[in-house]
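One chain, chain A, appears in both complexes that follow, with chain B as partner in the first and chain C in the second.
== the complex of A and B ==
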């Protein structure tokens, strides 16, 4: 079994899932717009965009700002569930022993079979938001903003893969049956400044946010919301930062998940 | 009869205790998600309006919490109940499986109360606003009861439907999410005539009464909302009873189909 087969298997898994579970596919298409409508709708009923700009402290378009936030938040949840949550769902359906005994390391199987699914999912999400962004920002600016969003989601995936593999290793080791990712995901998004900027959080929360890869992905995606052209130096800085975090998280994950796999094989923690 | 009620109560209380980590996980994830969305919404609100807005958002979230927990925790449990073969067991012993399902009020109510108290404490700590101060406690209790009756009936109706055909869980969640959008529209801002029509949408009338009981300057359409809420709650209860009778009759004739939510 080559890596190409794993990649193809991941892609086919999602395509057949969409084909056979149309309600889940439709709900996947609807969720981003529902979250966006809730925030923008409730925000404009109870407040106004001027107050939003004053609080954020930047000249940004609230619609593109929350499109970027929703897009990255949903993509990040996708990665955390797709890699970290796989251990849990495979344990529930009874396929975890087979994955552990497969020729590739569990981390490799989880990541390589997940990457095509992620790319498919963000492509669907970006296509979904494309008409809205083009209407709000015009054709040229809209395409530019969509490019920034796609770049943020793609680059942001790399550190998040390592980060999520750490969770996978934790779930593998602690034999946890209950769904701890259910509350960990929104907490991570909260500290990353998903819908509320991280720089407005208290000092202690900002310290946590600086260690999370999602913070920089969200910041990168939000440069698309600026009414002026994004500062290229800042964008390059964020990309460099994400590259550095990618190396750190993936290296740590590589070491830790190996230990987790060995422990699971030795103790039968499946 | 009393022994059966005791058995149902004991079953759900014991399960609540045994699944305490899942219970805590559910509360924590709900609270953090709500906080995450609320913080985004509050970015739009000027400082001077923050007090009333936070309160309005809190009570809207409570109404939504009741609707979504009762439909998903009660209706959604039917799949588990069918899959472990308990529907046939209960029918053979002359006990309606729906009576067991109704006992899910215990975990649902516990999740609602604990998560809302948690949100109230967090909002108090963050914005120094006591969201639990209410203008009319009896009206709040009445609106809470009517919202519970409507949601519980809805949960039972979809549980009864799930005995015969599949219910797409993802779609139910979307429907519940769409309701929050409707709940947040202030009825007193709508033109005359349209506001009455708006109140007739399920859940809106009791939720409006909840707003009257908790917020200032919301006492418009009190009698209309009360009348509609009472009629609607009764209609919901009758529909739920009919669904139970019809579904049980159907099961006795055709057997149990292992469907439920998916």
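== the complex of A and C ==
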């Protein structure tokens, strides 16, 4: 018995769910392009590619830039919704007590059984965006950029797991049926510079930005999007930074979640 | 407590278990008022290995709180509980490996998965894998009768309540646990489904050699299914014994049952309190189709006078009486005698 089985359980749950619920599968396929269309559509209303380039200060194709942003933003939301939101959904359908009866720590069960869904989701998103990136950037450049994007989303998941487990613990404790994540996600993405470069934010906002793991994930994705050929030194630096943040966030989460879980179990929140 | 001395032959040992819930009631826009609800007031009982033990009590008595503590889903405030020798607080993971739990029969599964897929998922979550998991899933689906009904591969959202209850028992059995903890397994089921499930529980306990802790507020069910019962009321255990021994406690009593129809302006609760006041005998009222059933427990020597008094009271309150029966004492009478609770 181990984490591998827990991981496999999460994978089977998703495969069964999509097998029996094709509408949900089609929605998942359409969602990234809907978000991208919305962002590009709004961008066209408020400006044009030249003014965008002037503001960002780099020679950048807005489509590739926003594909990278959309991809990472969706991935980040997915992690936070997936780990935190499943507390709520499982509470509503009554599976939460049985999930928590798995002989692991609650946070470990929630996080590890979620990871396959995330990997499945980003793989599908990458495949969906692949034709667009290849058309805009060319075959070689496109594949290289897609590789870095996948790497960014995968590595970016690790610090977010601890971060999201903290929210899951909070949701367990407060017993609120309304969803904190609904308003928290956009704020986090705003401070992380998902749709506008973080260095353009006010000074105080940049301090918050630097503490968020999503900032570096988005930066890593942008590296793939902005440069004509991804700068491997910069990519390595960002990966190292994310690894460091992963250790810090997951360690803090480990300490805090234990207390949160005990509080929830003391108060009868499960 | 010395583990060897106390736990030999006992699947569950509970000592002085206490639990109080703190809730906050909203007052105005920002204010809130702290409110304490005492769920358990120091309960103690043992469940012997291999027996079907019933925790019997009305709604709000503390049954589900006890079950959640024993299942490691809730921490007690004080006291100690051990399951198969493991402390439910300090050794929660070890407890989880040796128990099977069913907390609610009407939910607790993924609606877009079939019964079989749900069991495979939970089996993996509980550490099972590969062909042995599939084999075990088939076994439990057969055992609870879902396979013979041909619904194992139907989506859970298409299940009837009876099928959901069977699937819930199947999940509890998945890991072949030594102890089953079942919270109100027949709640909400129609009589035939409830009967089938009760027969299933008895079969599982006796043929498979499982220890079963089952909670219920249904006296009839407890009498049929349980070897021993603990009667719990307002967070206290008021009696623990074999069903027959408990019934002996009211052997010197008879039970007078009257079925009647009420006028719209009279409540059964009012009538029960009136009967108690006039006769001094413990009584209980139960809702029935188009009316109610009143039960009065009385010594045989006083039964004639009590019957006359009750009939007179019902007549004065414009109730149309349908049936009057005198019965031997049942577990229900024990419950009324010990708790004095009404069903309304």
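Rule of thumb we're sticking to: the second predicted complex is superposed on the first by the 263 of 270 C-alpha atoms of A that agree within 3 Å, B and C clash if a C-alpha of one lies under 4 Å from a C-alpha of the other, contacts with A are read in each partner's own complex, and residues count from 1 in each chain.
Simple rule for what comes next: a residue touches a chain if its C-beta (ideal position, glycine included) is under 8 Å from a C-beta of that chain, and two chains touch if they have at least 3 such contacts.
What you see is a predicted model, and the numbers here were worked out from it, not measured in a lab.
With chain A as the common reference, the superposed partners chain B and chain C fit together side by side. Once chain A of one complex is fitted onto chain A of the other, the partner contacts of A:258 are absent, as it touches neither chain B nor chain C.
Shared-chain residue A:23: touches chain B; no touch with chain C.
In the overlay built on the shared chain, the residue A:194 is in contact with chain B alone; chain C does not reach it.
For the superposed model, the angle subtended at the Cα centre of chain A by chain B and chain C works out to 80 degrees in steps of 10. When both complexes are overlaid on chain A, the residue A:69 reaches chain B alone and has no touch with chain C. Applying the stated contact rule after C-alpha superposition, one finds that A:109 touches chain C and leaves chain B untouched. Shared-chain residue A:8: touches chain C; no touch with chain B. In the superposed model, B is the one of chain B and chain C that contacts more residues of chain A. Distance between chain B and chain C in the overlay is 10 Å (nearest C-alpha pair, rounded to whole angstrom).
With the contact threshold set out at the top, residues 24 of chain A are in contact with chain B in one structure and with chain C in the other. For chain A in complex with chain C, the touching residues are 1-2, 5-6, 8-9, 12-13, 16-17, 20-21, 24, 93-95, 97-104, 109, 113, 262, 265-268, 270. Those residues of chain C that touch chain A in the complex are listed here as 21-22, 65, 68, 71-75, 93-94, 96-97, 101, 103-104, 106-114, 117, 120-122, 124-129, 155, 171. Interface of chain B with chain A (complex): residues 21-22, 25-26, 28-29, 32-33, 35-37, 39-46, 49, 53, 56-57, 168, 170-171, 173-174, 177-178, 180-181, 184-186.
Residue ranges on chain A touching chain B, taken from their complex, read 23-24, 26-27, 30-31, 34-35, 37-39, 41-49, 51-52, 55-56, 62, 66, 69, 178-180, 182-183, 185-187, 189-190, 194-196.
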